[in-house]
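The structure's right below; bear with me while I get my questions together.
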């Protein structure tokens, strides 16, 4: 059974736009937060920082999200996340957002790579996902 | 030839994260800004507000972005946007981000619907894209 | 004894900047969230929305914050908030942020007015703070 | 005559909240951007990055802002910034936001220190503002 993690977010006033509903980039902030929690749950990131094995930040290749139901300030959403695809270096984390009624509010995914820093942040190099990291992530 | 618009964004310090590069949800903020500029260029949104024909906010069905090159504070990116698909009510806006060297930094798309508000923001109803709006958007 | 509320925030990766510490506008987002929680605790705002008596949004006159200790991703901060000054229409909410060691990380305040909407958001008019609202807020 | 810089910001849809006006932490993002532009104008920060003499990020001691007129999506604001106070290590940057009619929409200030990094971001140490930096900033 794949490792998964659950992360609750409260839709804050400042996460919403003049339409009175979530400003959509907020969902991607929550996806990023949920991925970090999944990494912590898997023991491949430290709780306190993004240090540990996830030193380099696992940069994103792509991200996408589908929006099913608009949410409003004060709502609580539960994000459930797991790694849904393992490549050689890249892997995909799937996120499902459910509202208080259990309805899917949004669902998205992030494709990230395992990377090694060689100098500054622009020179991250994709490396093979270490076997133990893959195992910890449920692969 | 389809209508397109160009929008320059400066990568600000606060758009970046501790890795020293753009925090990826920032690209979606820029996509949203670029879509608004496309609507203004097409004459279907007012410059000053999101009023006009785009009264209801053209809610999102989905959004995605691929990240090619990490950008850093101080960089200027040009976003070029056009409607790449017209459905009955939905349509897709494609965005290409290029850095100062003309290299693609990121490319994404937003699928939005033409909607009519019936009460509050949660009760937006998809309606057929009006013929004149489609024409103005290059369809 | 004045009413106070406590709100825990987790410093997220995306709340920080390339210096690796909290990007300072994030503290103001947290102050705004903390004020809303104080209003909910006082029973003058609904939990689900910013509706209720706080219909109009209690617009800000001023906000300020002093930063004592830089916080990093993964840290948990507790924000303690109470109304520290009552005017005729305006009032000041004080916020103290403490880190896990109990040290003050930041402290700030927001001065807001009680307002009545007369048309759009630009035409909010200051009105006297209702006696029951003042009482509920500990004044 | 003190050095000053002018920075135009467009109030974006995503900078606003469900009240339809600027979400107030956005003003602080704009203050931070304006300070960076002042530093670039003074020649104490590089255009491309926050490197140069401003290597360490000139951490904030305090920030405050007063809000005079609510702004809405699509408005353009001009921020005018200058150093209004020089201390030994700290200095204050004042920012005035004016709308298209020239009216003051907001005015704020940031107090920052000149710092030297000694290890990580939490161990920044205040140092005396170098004489040439002070001179370049108009002091």
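Letters A, B, C and D name the chains as they come in the text, with residue numbers starting at 1 for each one.
As a working rule, a residue touches a chain if its C-beta (ideal position, glycine included) is under 8 Å from a C-beta of that chain, and two chains touch if they have at least 3 such contacts.
The structure presented is a predicted model; accordingly, all values stated were derived computationally and were not measured.
Student: More contacting C-beta pairs: B-C or A-C?
Tutor: Looking at A-C and B-C side by side, A-C shows more C-beta contacts.
Student: If we define chain centres by averaging CA atoms, which chain lands farthest from chain B? Would you check?
Tutor: C
Student: Taking each chain's centre as its mean C-alpha position, how far apart are chain B and chain C in Å?
Tutor: 32
Student: What's the distance between the Cα centroids of chain A and chain B, rounded to whole Å?
Tutor: 23
Student: Report, in whole Å, the distance between the mean C-alpha point of chain A and the mean C-alpha point of chain C.
Tutor: It comes to 28 Å between the two C-alpha centres.
Student: Which parts of chain D, given as residue numbers and ranges, touch two or more other chains?
Tutor: 13-14, 17-20, 23, 25, 29, 32, 50, 72-73
Student: Could you please specify the touching residues of chain A with respect to chain D in the complex?
Tutor: Residues in contact with chain D: 13-14, 16-20, 23, 25, 73.
Student: Okay, in this complex, where on chain C does chain D touch?
Tutor: Touching chain D from chain C are residues 18-21, 23-26, 28-29, 32, 50, 56-57, 59-67, 69-70, 72, 120-122, 124.
Student: Within the complex, which stretch of chain A touches chain C?
Tutor: 12-14, 29, 32-33, 36, 46-50, 72-75
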